[in-house]
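Notes follow once the structure below has been shown.
Per-chain numbering from 1; labels A, B, C, D and E assigned in written order.
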């Protein structure tokens, strides 16, 4: 176990960034999102949640796949290069790391998404524990421990002005090796961290959503949930914007579009899609989800039923609470789960 | 930015001209052999009120350095009131472009009648000079379209 | 609030209305959601407090298609939007029973959180009846307080006034909350150099994730099919691939609502990235006021808006350059 | 995918000397969709057109791009050539490489490069062209004239003479209008009714003319060539077929206290009345507000005395629906109200009158039998003062900003007539400017001064003060002498401004004809189409379009008639196919487009649509092809882009932009 | 001393009047109760301002003969309001002299609150000569 004083973090970032790209929470025009570290970037490790999840480090909102260039009446296809440089993501929270696991199960299975895979191969995740969880958090419901981001490559904690650094994987070890001279070793760190973890878990217990029950949600209840008349009520406030899907760490749908640049050819790119949008999965014959109710249902059925059905019961929600914070109509997955629970109770 | 510095820079300029006055004015400039820069390319529209702000932004997106719209003089519109609507639309659009920091002068509206060939050519001269002095449009360009 | 509930129940019971559109209490102290109430027992969850910022006018587009009348609770500023929608034939006045509800300024949870208040468990002082000037906030990390005024939405600081533009009846008092100049921010930007302006908007807009929340919440953006979703115009955009597209979207959106935007402030309220989107709309409003005479969208039923009207002596577009 | 042919014209050396036409032709073949490209000396020649014909046939072309002179020059030529070869004429686009390229550039390389870009833009546009077909609409061979004054009468007569049936709708019980109220006309001083009455008789007797008096236009639907108009024929209470016009009923009517409209309220009339002796038709109406029978149920004198049995108290308003191909508006004018001009004491003294009131006083059939006298005491005046520009040329809201145009001349007429008939009466005219543009007009004014000794003083009157002895103290200024003048007068005549008949606003709305801030109807073009409204099929006659005197009115009335006849003479109207169209699945029905349409071509209907499986009734914009002129104002107003213009569609213009910026 | 141009500009600014709107109808002179006592007549005021001959206006008796009755202001058909021009000229003269007979706090005690403000102000200018 290593540690470094908080005020020396800039030196750490400089050192990492000298070797590879470094993504971390940066405040820009008042909002914190993951961005590339630069000398004048305003790093913000105190804000609990970035507005967008850091998933776009691995799965960018838009990326070009290939370009078609016309030469007279011939067409040349130039595929986009894959990510080849190593990079580090610093400051991801336990829920966000779990979000990447959810994405892995989609993009790293056959057929392999090479663009995503390349980014995963070259990226090292340094996670940071949540020291002050908030009322919108419900990660524990989905088995995430805010105090112990242990599925990352490196786990860190900030306690009393010290950052504690614990490499967990080979990638993590390698990164540690490259910056080791900035660290000091601390044999008694485990104890300090355990004490902090107890405190965090104590706070987590007090959070309003902590006892949300997922009973009745799994891969086996497909038709029953799908046909439930409750959806007819729930979707009504939904404005059909894509905020929930775009801030979500696990939403993985994308659309493929073409952009004619004129002289630089036609670029085929993919960009995040949202099941809330009216042209979601639009096909030549039209759209198979005609109403907002159907599109709204899709999002929650996907997270709580379809995904678990295909992934040994793993939900594709990690309880980060971003949708709770950002929905313009104050709708969110918690309200949906609770509504079904209430209905179940009544029955 | 001085004009000297931009020597060799050839701006791309799109001119929207209404069919009844300005396009005819441009024709008159041509038949009177009044030269202006080849960097100006004219698109014929029925009336200045056909020009959608999206056309103008699209031109900038695709790498235009200046966009000028010409129509009949106020009160002379072939359709009686088209250019009045166009005038308000363009005033607001230009004001918004100015507001978000696009250099003043990249857009212009000029009323040119069918008899004003000389004015058309003179206006294009001035506009090309202005755009040349402003240099390449970088604030409203889509990088994907850049060479 | 009880008066409102009683009246709503009464109108529901006597068949005047088939449903009530109001707000349902959320599961956190600050997240009530727009909801329909059709049965007496539904009202257990009915709430109207400082966090009911949502402008329900837009929901009336869909509600106008339903059988029977819908009772809708509109705050003074919401009624401008409703009237503008009436003017555009997007809502049916005959299908609406409007209760003009009082307003003492709506709260912005983002502002409260920006004060460093987190782990919120309870908030008192936000009820519409409370005369308190201070909010008391219970959090996991202890009790916090903040002035009601400091937690108000930006739009409430430039409130259009306490009068409802259209209503069947009104319930509750409103409070004058205007304490700032509506165009101050716009003027500040206008005074910047082109480079500063560009940097300012580039920075703000770079946060845009094209979630379309601003568009979808906007009562003026009521198109069945937005140009940015349509292939017909060759203008579909789903993501901002280049920074140009951020500008394109927001400029065109502001342009499309120019002269129709009532300045209800919903766009800025809902932006997940806190982009001050009202600065676009307000710039157009300011220009319209200065160039074509003061105009408040939604304040009347005159069919022509500033962009569908003209005067011979209107300013030339060159005025933009002349103004500097 | 289109199969496009590109034809590059040399225009002799006009193009070929500056543009490398061979290179342009070669470049064309690299463009998507182009299957044929060739160049030729003169594309517009017979031989050139033959090349086009051949290529269309052999290569099965679906679109053409001609790189040549301005489309304003030969677009029609090439469209016709395409049509002859069986291709839709609207599948042709012109790249203007002469006026916009070869003639203005000197450098061959530069000009060639530009010509290629212009060609690309045209190819991009033709790629998105769709075949268009001009619409046809029928023409109902009947005209409607709204207003039965001299303007309406003249227009109706001219149209009727050309052989088309015409209906006149007149609001009052008789045709004749303002002119029938005038005594004499300038500058010839002929008697107004002597020249008007025969015209009224002529129009009444004309087999092609049908007059609806005491009637108003209720609604107008349809469009050029095919208007449907509802006319409300108000209950006259007198059977027009039975009445012989003997006038006994008017004599015997016991209710005689209603102010006479015709005499401007200077005297009274009976409840059953014809406005004036020469009224056409000479059939009285019962003013139901004044009639004792209608008010109390008791009376019925007129019915008893009528030997023809024409009185019909049970008559009701009748709605007549008729179709018309053309509508002429001739609604005329009235004097403005003077209630805001307290300083001239109009409402305080009976001896302060308007010029139109003076006309009635001067008229032999008027309230004083043509004798000039003070209305207060019946005495003959000795001093008369005329005040000009009362409410005309006024910058504030009390009056009108425009010059009423006729006042200078009729005041000279009045002054002259008074001096002629009553040489002992002194006449003073306070004027700001004397405006006399017109044939023999200035001579007329000078005669008033030189031969009749009318005293013209440059300067406005500030105040008219009624004196206890009944005189009027006029306080004015003489700007040329730099003196303030206090003058005692017996009568003061105010040249009040004229304004369009207030009903015109309602009528213009029904017709969707545009109107200016002063309520004058707007002409389609101020110089070139002065008697047409921008709305097709609507024509303007007389003062409803702007202040004018009788000869001008009559000439405009004739011009409006010619325009209407030109329209009625057509069997069918071909409509411009480059019109706007609304996509019903995208339309919001918000009415914004209708607000900017200068032609009233957009209406709304509730229609059921099937939006990808969702069926619902929506309010949708519908463009009338016969009315739409294709300006495109609506397309930009439409936020969703539902409204698009054929031939200049959004995607086409964007494609041109893209091609130019590439 | 300000230039005549400046003074003319000031008169326009103070009065809010655009003298170019005048159509020389003379209704002001026709309405003026003090006409005979004035050397420069009301309808002539505009020319002096347009020609920037403010010195003549400043030395004119008219400045102090005008009663500020505002008949001309009321009746002017062109919205030119000569009474306001003359009032503005008066104000300029007074300002240039730097006179101040009353201190601001003395004024409220002396006046009837019903009195129109404009009358008051112009009366002060007129009588403190």
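Just so it is clear, a contact is a pair of C-beta atoms (placed from the backbone, for glycine too) under 8 Å apart; a residue touches a chain by one contact, two chains touch by 3 or more.
These numbers were taken from a predicted model, which means no experiment stands behind them.
Looking at chain A and chain E, the chains that touch each of them are D. C-beta contact counts were set side by side for A-B and D-E; D-E has more.
With centres set at the average Cα position, the gap from chain A to chain D is 67 Å. Remark: chain B and chain E have CA centroids separated by 49 Å (rounded to whole angstrom). Averaged C-alpha coordinates give centres for chain B and chain D that are 35 Å from one another.
Of all residues in chain B, those touching 2 or more other chains are 53-54, 62-63, 75, 81, 85, 89, 142, 144-145, listed in ascending order.
Residue positions of chain A touching 2 or more other chains, listed in rising order: 259, 262-263. Chain pairs that touch one another are A-B, A-C, A-D, B-C, B-D, C-D, D-E. Only residues 70, 72-73, 260, 262-263, 286-287, 290-291 of chain A touch chain D when the two sit together in their complex. Those residues of chain D lying in contact with chain E across their complex are 343, 389, 393-396, 398-399, 432, 458-463, 475-479, 482, 484-485. For chain B in complex with chain D, the touching residues are 12, 14, 19, 23-24, 26-27, 29-31, 33-36, 38, 41-47, 49-55, 58-59, 62-64, 75-76, 78-82, 85, 89, 121, 145. Those residues of chain D that touch chain B in the shared complex are 70-73, 96, 98-101, 103-107, 110-111, 113-114, 117-118, 121, 514, 522, 524-526, 534, 578, 596, 598, 629-633, 635-637, 645, 648, 650, 653-654, 656-658, 660-662.
Touching chain A in their complex are the following residues of chain B: 62-63, 142, 144-147.
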